[in-house]
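I have a structure here, written as structure tokens, and I will follow up with some questions on it.
Lettered A, B, C, D, E and F in written order, each chain numbered from 1.
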Amino acid sequence: MSIPKLKTGIAAFDLISAGGLPVGRTTLLAGSSGSAKTLFGAQFLAMGILLFNQNGVFVTFEEQVDDIRNDLKGFGWDIDRWEADGKWTFVDGSAKEEDVITVGEFDLSAFRVRLERAITKNEAQRVVIDSIGSIFTHFPEHNIIRQEMSKVSMTLRRMKTTAIITTERTEEYGAISRYGVEEFLTDNVMILRNVLVNERRRRTIEILKFRGSNHVKGENPFTIVPMKAIVIVPISAMRLTQHSSSER
Amino acid sequence: MSIPKLKTGIAAFDLISAGGLPVGRTTLLAGSSGSAKTLFGAQFLAMGILLFNQNGVFVTFEEQVDDIRNDLKGFGWDIDRWEADGKWTFVDGSAKEEDVITVGEFDLSAFRVRLERAITKNEAQRVVIDSIGSIFTHFPEHNIIRQEMSKVSMTLRRMKTTAIITTERTEEYGAISRYGVEEFLTDNVMILRNVLVNERRRRTIEILKFRGSNHVKGENPFTIVPMKAIVIVPISAMRLTQHSSSER
Amino acid sequence: MSIPKLKTGIAAFDLISAGGLPVGRTTLLAGSSGSAKTLFGAQFLAMGILLFNQNGVFVTFEEQVDDIRNDLKGFGWDIDRWEADGKWTFVDGSAKEEDVITVGEFDLSAFRVRLERAITKNEAQRVVIDSIGSIFTHFPEHNIIRQEMSKVSMTLRRMKTTAIITTERTEEYGAISRYGVEEFLTDNVMILRNVLVNERRRRTIEILKFRGSNHVKGENPFTIVPMKAIVIVPISAMRLTQHSSSER
Amino acid sequence: MSIPKLKTGIAAFDLISAGGLPVGRTTLLAGSSGSAKTLFGAQFLAMGILLFNQNGVFVTFEEQVDDIRNDLKGFGWDIDRWEADGKWTFVDGSAKEEDVITVGEFDLSAFRVRLERAITKNEAQRVVIDSIGSIFTHFPEHNIIRQEMSKVSMTLRRMKTTAIITTERTEEYGAISRYGVEEFLTDNVMILRNVLVNERRRRTIEILKFRGSNHVKGENPFTIVPMKAIVIVPISAMRLTQHSSSER
Amino acid sequence: MSIPKLKTGIAAFDLISAGGLPVGRTTLLAGSSGSAKTLFGAQFLAMGILLFNQNGVFVTFEEQVDDIRNDLKGFGWDIDRWEADGKWTFVDGSAKEEDVITVGEFDLSAFRVRLERAITKNEAQRVVIDSIGSIFTHFPEHNIIRQEMSKVSMTLRRMKTTAIITTERTEEYGAISRYGVEEFLTDNVMILRNVLVNERRRRTIEILKFRGSNHVKGENPFTIVPMKAIVIVPISAMRLTQHSSSER
Amino acid sequence: MSIPKLKTGIAAFDLISAGGLPVGRTTLLAGSSGSAKTLFGAQFLAMGILLFNQNGVFVTFEEQVDDIRNDLKGFGWDIDRWEADGKWTFVDGSAKEEDVITVGEFDLSAFRVRLERAITKNEAQRVVIDSIGSIFTHFPEHNIIRQEMSKVSMTLRRMKTTAIITTERTEEYGAISRYGVEEFLTDNVMILRNVLVNERRRRTIEILKFRGSNHVKGENPFTIVPMKAIVIVPISAMRLTQHSSSER
């Protein structure tokens, strides 16, 4: 018997994760540029709204809010309406043209307050933070990254949200995270890959670590389909069901 | 249904990109030395003028304006005339023999003003910035690179231009960009390769990331043909048409 | 005749280790994220309680105590009761949301006092410290890491405990430890691997070094089974029994 | 129709380069130690004198002038006489035994004046600078290297000379240039290789980039023959002639 | 006729080394964690006592003296008695729980005095220093490492001892030593390997360099056998005897 | 017709070098630890004395003079007598036990004076400097290494000596020299290799660069034979004779 899970509603993912994302915990979602991190995060929120009537908060540190709204139209998700209905809330941490560049001391406590307010306001159960790559360029020291990131996780947990934090990778099979520490700080780690083999690309999703829980091990191929978004190839989910007792 | 595209007019490219470059957005074009970055950029402007009556701005940070004019004559493009007609405008950011070398604080706000004026003046819809490699050697810190580059993108977007920013790579299959952050900052990323295999070179173009849009995945071979410039081998475009529903 | 061992009670491990962990010494347990370091450590304590009536101390520097309690329920271990009975004691060194970040001088002497008290209080014979990765980000210099880590080992030895210290790796087959020195500082080194081969994962455990003692060499596959935790595939243990005289 | 070329007179090279080196531009010639950079440069000047009655300037930053004179005797070139006749001029930038070592600020403006004078004096049309490796160890910062190197190119161009600048590589197939920026600064890039395969060496020459011009792509084997110097194996030049329309 | 050797008494080693270790010189013994460096060193001293009535000094910088005594019991060596009889002397340079951490200037002259006294006292002919890895973390600069290490060698030589200095490696086939200079500083270099091949370990010993002396080249497999310690597989020693005239 | 050569008298070497070492120039001899650099250098001097009545100077920066004398006895060379006869002179630059460690400014002018005197005194025609690795750890900056090394070469040349400078490598097939600049500074470069293939070692010598001269390209196997020292396998020398016109 493993820890409780929150069904994501993402096709086949709830199978390979043995029930969804661990409730009340944070999952790190690492991937290279264009690996579908933002899409997976958005789909997690969209499915919460569409299938389970659970509200969501989407924190964007990189992309403009307007762009995200547009990017996702191709999947049939009417984010504007969800925002109007209080089901989807953006927390906009992206850079603006008029921002003044500041270097030096910086901590995330102000951000954590904003995040907390957004969660409270629409009683969000699902949170996506996309991505932490840009904020951490502010911190020269690894131990500060460790601490700040732990604190965000703790805030999310105290608010009883099930969260995804995306992070950037520059290689498909090298180090998991940019600073080599992020994966140890979170309870759960997933990897999105977009691998170039013989001049073609192959997309996969892997659950690398789910503390206290069983799950399918290894890479699962997926495709991005208009109006359906990420569709994980269901065949690989067999592994869990059939060999669960001997599964590593 | 994906986000709106601007037909480039470059042979076969509008097929593999499912309609052209995303309208009003910036695309990063990364490639090694001699991989045809400048050529692709110039061809994007030239086709705009020749086929769609859209004006363009070409920002050069490295090559001399005169050289570019000459380099491109071999493709039958009469840039001088286009400049006289107000269809093509150069913004010359290249080094001059008499420049005094300055080190230290540096920001791109003056440049953004010049860029804005050039765009306004000829009502440009297409912009090419070639290349950002040289300007970023001025910034020692990665977070400043992130911010400055975001701001240029925001200016371009506010001006409602569809833009290409070229960037240098020193390896064909290693890190996508020089600083390992540029690819995360732009909505779209394309890679030009010029790979040495068995003592011969093979050129390919890949759309790595188009946020919010479908496109052909993987590498597409191309050749450079006198009077035609970049000619992408059409066969690879089949993949999109035939398997679009199962495409990753 | 090799040095005395403490039976761990972990299935098949006592075979491949030729009797268990060296009594009164510290074993370094290195592994990547999700490689089952925490699980192995906890199982070592749980088996001590269940099979040998030996109490344990679990020091956590990363994960929250509550989470560990929950993560381990899936294996049928009732840690709450063991804690109430004075058989299992947590020393909580994990970060808290309200912690103030301090940089600079830092040593582990206060921690060693707490550790000593916890050991004394429940007369613990088994100790797990999980993990040292986060504390050592505080020390910029390798020779300080060497010294601080040696001192913790010496405290553990003086208390006559048999201990496991877990440490993080970012690659499965590269350097053994993060700083390249930890493995030389401890008498015993074990490695947990979670290797990606052809898009699937394979878990193994290896005893790399047991000073003054024989043991099975090389990797031994294992699985994580609900209610049983780590189950090492017994076949590999044959090597020790059959060829003990010619074993390398 | 591509940009105008200057016939080098080097056997088969004028074929693979589709007519020679681009007139009035600078070509970077990169190669490892002993790859024949100095020889190619000298042969370019010698052929100018012998076949086209064009004078040359040879700048040496590393080797002593006297040594170069001697090294080249084996190819039947009587440099002393050419010097007396004002056809070949050395600009000696090599270190001397009595030089005092200075560290710190350094720029190439004095050198550019000397270079300009030498070119004017014998009305040189061909210039070789061999090699820039040593001067650039003076500049700690990459952006200064970029600027100084651009300025030398601009001086050469203003003087209407066709020039070769040699540069050092330490690997045959890794980064093109020592600082990873030089290849982006020049209009043309060629690579000399001396590859160790199965304990034997194989020499090749590759035109990597000729801005605004067609050329044979890939590596062309060559040998060094007494009295003839570099002899490129003509077979590879076929590629240009035969497949010019489909050439990449 | 090569330089004089001291028979070690280690099975088969005196064959592959063509007579033992060079008399009066220092041999560097490099190996990864658990590669049997300490064991080889101790066996060298033990065999000196047991077979040749030669006394030894064992300097330990890492492991506790007590632990070494225990680790070696499994090979039937009664070190306590040897110590009582003045045949084996420990010089204890290991860290203690109460040590205060000091950073900064540090030299090995005090250590060299202690070493000299220990050698004089029991008229030692054999010395082992295990290992130098920890002391050199004190020296930030490579040239100081070179000099300090040379001086220890010179002291050992002046005392007319035949010595082994162990040093740490983190890879089996990469750089020979941690700082990339140690191997050039000593007259003799040997490597212990513990290589992982197909999930199994293989131990070998190689004599890489014996200045002024012949020896078997390449790796020789060995095993660790209870009561016998290191047993080198004798077959490989054939190479020396049979092909000595054509040996490389 | 290539530049004049000095017959070394080393078996088969004078064949593969097409006559020996270039007269009056300096040759860099790079090799890993134990690759026979010192032996080759000494043999060059010994053969000069034995076969051509040419005196030599041997500069040692690393090994003690006494050790070199002993190491070379195994080849039947009576260096003591040669020293007494004024045919062989040692310049001892090796570290001494009583040396005080100094950091900071350092130049080689004092050394060059000593070197000049030794050459003058015994009218040496052959010089070996073994090795430059240790002196250059004193210079933090690469441009100083370049200049100091050039100056030593210039002194040697002014004295009309034919010289070998040995230098250290830590890999058999990676960078040629430790600092990546030495090979560009000398007219001639040779590499000694001691490669591990399938647990065995294979020795080869390669002439990588001989400015202004033909030579056999690629690796030539050699062995070290008692009383004969380095014996290069003659078969490989065929390549030069047979294919000299088509040799690369």
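Odds and ends about this structure:
Here, contacts are C-beta pairs under 8 Å (C-beta built on N, C-alpha and C of every residue); 3 or more make two chains touch, one makes a residue touch a chain.
Everything numeric in this text was worked out from a predicted model, so none of it was measured.
Looking at the partners of chain B and chain C together, the chains they share are A. Chains making contact with chain D as well as with chain F: none in this assembly. Shared residue numbers account for under half of those found at the interface formed by chain E and chain F, and the copies are therefore classed as meeting with different residues.
The two copies, chain D and chain E, are related by a rotation of 120°, based on C-alpha atoms and rounded to the nearest 5.
In terms of the distance between Cα centroids, chain D is separated most widely from C.
Separation between the centroids of chain C and chain E, computed from CA atoms only, is 30 Å. With each centre defined as the average position of its C-alpha atoms, the distance from chain A to chain F rounds to 61 Å. Listed for chain E are no residues, as none touches two or more other chains. Ring order, beginning with chain E and continuing to chain F: E, F, D, B, A, C.
If you check the complex, the residues on chain B that touch chain D are 33-34, 38, 62-63, 67, 70-74, 95-97, 99, 101, 103, 131, 133-134, 137-138, 168, 170-171, 194, 196, 199-203, 221-226.
On the chain E side of its complex with chain F, the touching residues are 1-3, 25, 107, 141-144, 146-148, 150-151, 154-155, 158, 173, 175-176, 180-181, 183-185, 187, 189, 204, 208-214, 217-219, 244-248.
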